[in-house]
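One chain, subunit A, links the two complexes that follow: it is found with subunit B in the first and with subunit C in the second.
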Partner chain A sequence: MDMKKVRKEKFADFLATLAEQKLYAPQKVGESLRFAPVTDSGKVELEMSNTTVPPKSVFFPQTETLYRYEVGNTEIQQPAMGGVDIVLGVRPCDARAQVIVDSLFGWDYNDPYYQERRKATVVGLACNKPCVNCFCLSLGGGPASTVGLDLLMTDLGDAYLLQPLTEKGEKLLALAGETVETAAAGDREAAESLHGQAEQMITRKVETAGVAEKLPGLWEHSLWQETANSCLGCGICTFLCPTCHCFDIQDEVEGLEGRRCRMWDSCMFKEYTLHASGHNPRPTRRERTRNRINHKYSYFVQKFGHTACVGCGRCINYCPVNIDLVEILRQVKEAL
Partner chain B sequence: MCNNANPYIPYVATIEDAWFETVGERCVKTFKVTLDDPVARKNWRHQPGQCAMVGQLGVGESMFCISCSPTEGDFLRFSIMRAGKNTQALHELEAGDKLTVRGPYGNTFPVDEWKGKKILTIGGGIGQAPLRPIVEYVKANLDQYAGLTMIYGARTSGDLCFKDEFAAMSGRDDLSCHLTIDVEEEGWEYNVGFVPSLLMDLSPSPENTIAITCGPPIMIRFVLENLKKLNFADDQIYTTLENRMKCGIGKCGRCNVGSLYVCKDGPVFTYATLKDIPEAFA
Partner chain C sequence: MVNVDKLKEIARETISRDDVKYLIGWRQGTYGFRAAPYFMSTPEEAEELIFSPLCTNNLATYLTLAEKLPVPRGQEPDSRKVALLVKGCDSRAVVQQLVEQGISRERVLVIGCPCRGVIDQKKVEAKFPDVREAVSAVWDGDTVVFNLPGGSVAVPRQEVLAGKCLTCRYPNPVIADVTVWEEVAVWGSDDYVDVRELEAGSPQQRWGFWEEKFASCMRCYSCRNVCPMCYCEDCVLDRLNPQWIMRSVNTAENTAFHLARAFHLAGRCIECGECERVCPVDIPLMKLNRKLTKEVRDKYAYEPGVDPEAKPLQASYRPDDKEDFIL
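Entry: the complex of A and B
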């Protein structure tokens, strides 16, 4: 497939060719950087390390309506599904994470809300400057990984190299028309050199081989209590995790209008597992911390064949008390 | 399998009949319901052990075991203990009222695999609700099983569910029903004592037998211990687990014990599976 490039001065025009479609890209929303519908291409922010909120929020919104009803009536109205055509500016780790989450939303029962949105074209953005807590290399990823992407963009300084990876990616480039040009011979080499340099910048590493097998034996290990001692139970590690997918379902009623919606939930919350009887199988943060790590590094592996972590580093970057997943994994590896 | 293209959309059902099984703060009320949509009703298939999400629009849904056997007819039964907000709202419903049902969910007791064997159910309190479909199923197909023994206990006689049905089981030599309550009561003519002790008194042979136990965690713990003392093998012992659930279809995350989702991989498990999962009985 032919590589193209778009010069930065033409980038707004390039985005304009996609204006007919529902395009999501990173934008500043309040204090955070997250994927939002593009109405003004000037607001698209690609000079970033990574978004605060991963693009899972596009495919699996923080709150969404499952269906509506009128109180006292049993008629159910389903909302329109889909509504996402292109998600642009996705970091390779987050694209890989979405593929991991796909296996959850598609096993046995299909989740139509999620799967309709997943039909969107995913345009990745290679990392030229990984963050200090990135450890994607340890999870089989990398700053230019193409898993889960239809098109990969690489920032060459004055232009973005556009590397189509799938038919959907080709189609997107076909729409771009005159705003893109054929990549020059040196562009690909320049991009590869940037990718190589980026890999060199990733210094955090953890040996993940054997962790899944080792975790069951560490059930009563003191590291869970030690980690839980500083944990505030705020749940940010799960909300901002690109592979965390747990949700709650709640009814919201205003006057006669009701809706049943789902919203992100967190295994770090007490209410998550609290029975109506008052019994809680995971009563303290020790059990909840243990479950979070076991779920990512053992249970998900047993069930779906891959680790539910891509090394994006968000849980480390945003933890208010500096709980460090890499450090936990190191302790797991070293534990006797 | 759920019969809907969108697994989150429930069926609407009408309550045909509703009655209290027990009284008190945590009373149990049974609802006999039929799905309103005739096609859904026709396509509905459930087996003993399976569950469904039952609720009301505007209130919420919770997971309950289906407490009837498909051999009983074209309806569903749920025996629901009043415990939280949702069950409290359900308890206010009467015959003629509507509720919503999603399901059937989860795996089943392997009642076909058990054919030719003796079936022993050991229940406590509301734990008899998931066992009742087995009892009814085996009763309806008794010629295919080597016998049915039921042990069921509760704190008081007032806490026993399905009392009327057990009276009809006494005096039959092809099945035996052993009831027990924790403390002596005037007029009580059956056993007095805890379920695990009654199990030891009866000392059933493990030979060609399947034991299924459901009840409060403390009872389960001692029943399991006693079944082991009676030389039941781990794969001859079945139980059901319950955990908080929201989706019922293995996505929302919370009902896991180890790598297994109670809603999808369960609720029916053998002791052989559970004994190696440290949080299975947490």
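Entry: the complex of A and C
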């Protein structure tokens, strides 16, 4: 497939060719960066390390109305599904994470809300400058990984190289018309060199081999209590994780109008496993911390064949008490 | 002068006592300009203790955050003390918890560390981006010295200290069983410039300011969980019946959450600033809390967390109060 490039001065025009479609891209919301519908191409923020909130929030919104009803009436109204055509500016780690989440939402029940949005074209943005806590290389990814992407953009300084990877990616480029031009051989080499340099910058590493098999044997190990001691039990690590996908379903009724919603939930919350009887099988943060690591590095591996972590580093970057996943995995490896 | 060797010595003595369960302090973090809360239970572990401009976390929150499982039949509950390192601001949380009877005095051993101000991690990372290695720091006169991989760099305190430290009036612990080194001279004063700036705006401007901030909230509850004064066992946010605040994340419910929390902190917030520090989407929560602190100060001449003998503001009553506002 032919590579194209778009000069930065033409980038707004390039985005304008997609104006007919529902486009999501990183933008500042309050003081944070997250994916939001593009209404003004000037607000699209691609000069970033990564968004605070991963693009899972587009495919799997934090709060989603599944249907509406009127109290006393058995009819339900389903909201329109879809609403996403293109998601642009996705870092390769987050694109891989979405493929991991796909295994859950397409497993015992094919979730129509999620699947409809997953039809969107995903445009990736290679990392020229990984963050200090990135460890994607250890999990089979990389700063220019193409898994889960339809098109990969690489920032060449004055232009973005556009590498189509699927038919959907080709289609998007066909729409772009005159705003893009054919990439020269030098552009491709420049991009490859940038990808190589970015890999060199990633210094954090974890060894995942054998972890899934070892974790069940460490059930009563002291490392869980030691980690949980400082844990606040907040939802930062799970909400900002691009692979965490747990949700709660609640009915919210105002007057006679009701809606059944699903919203992100977190295994780090006490209420997450609280039974109606009052019993809680994960009564303290020790059990909840243990579950977070086991779910990512053991249960998910056993069920779906891959780790539910892509090494994006968000849980480390944002943890208020410096609980460090790389450090926990090192302790798991060393534990006897 | 900060003397970490003396701190380690006191920690070793403390943890060797039979009536102390564990000691909570700080140690160097795993990367960059981070310190991490450190729970130690043996004298040997004291070697890792630090006290430096990196020690931002208010450890007093762990006094009320500790989860207690039911004691098995035939066993006695563990009534040993928890030893806690505190900066000046942290110590105010201990006082307020005592005032509210959230903790009992005989269960806590307070080790006071007079402090010269801690860093704002974001300010430091803006100055020294992409530092992967763990960097230690020390106070030196009017500077903070960072021991970067390429060599030490001194930065004026004004440029790297957290905002709360620049106006700090309580650098010395207001309660302590032992104070590790001599007290420092108070450098700050606080006339609520940040609150006044916001108050100057019209109601529309003020709502515009907060609406955008609240809209970005994810309801991860890190602000509540890190708060040493948010320790209700049954938090109004977690209630399902009645459900005062819905779990849907939208501007209306998020606003209800933040305002409910702010009101519950009126006359209780000791301004450690932890809520604002930990917020992953940078909501300036201290502007909200400090607005109420200012109201409480102006209307009731009350300051929480400074006097262990004080009565809680919302639970005190004066018979000679005229109450002429009622009629």
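General remarks:
Heads up, the rule we're going with is that the second predicted complex is superposed on the first by the 336 of 336 C-alpha atoms of A that agree within 3 Å, B and C clash if a C-alpha of one lies under 4 Å from a C-alpha of the other, contacts with A are read in each partner's own complex, and residues count from 1 in each chain.
Here is the rule we go by: a contact is a pair of C-beta atoms (placed from the backbone, for glycine too) under 8 Å apart; a residue touches a chain by one contact, two chains touch by 3 or more.
Being a predicted model, the structure only gives us computed values, none of them experimental.
Contact with neither subunit B nor subunit C is seen for A:Ala12 once the two complexes are overlaid on the shared chain.
By the touch criterion stated above, A:Cys234 is placed in contact with subunit C alone, subunit B being left untouched. Contact with neither subunit B nor subunit C is seen for A:Ala335 once the two complexes are overlaid on the shared chain. Once the two complexes are laid over each other on the shared chain, residue contacts for A:Ser277 go to subunit B alone; subunit C is not touched.
In the superposition on chain A, contact of A:Phe247 is made with subunit B only, not with subunit C. Residue overlap on subunit A between its contacts with subunit B in one complex and with subunit C in the other: 248, 250. Subunit B contributes residues 2, 5-10, 12, 36, 57-62, 83-87, 98, 100, 242-244, 246-247, 249-254, 256-259, 264, 278-279, 282 to its touches with subunit A in the complex.
Contacts from subunit A toward subunit B in the complex involve residues 66-67, 69, 71, 73-74, 76, 78, 104-105, 107-113, 216, 219, 245-251, 253, 258, 260, 262, 265, 267, 272-277, 281-282, 287, 291, 294-295, 298-300, 302-303. On subunit A, the positions that touch subunit C within their shared complex are 29-32, 34, 52-53, 62-63, 129, 131-133, 203-204, 226, 229-230, 232-236, 239-240, 248, 250, 252, 261, 263-264, 266, 269-271, 283-285, 316, 318, 320-324, 326-327. Across the complex, subunit A is touched by residues 29-32, 34-39, 57, 61-62, 65, 67, 69, 130-132, 212-213, 215-216, 218-222, 224-226, 238, 246-250, 274, 277-278, 280-283 of subunit C.
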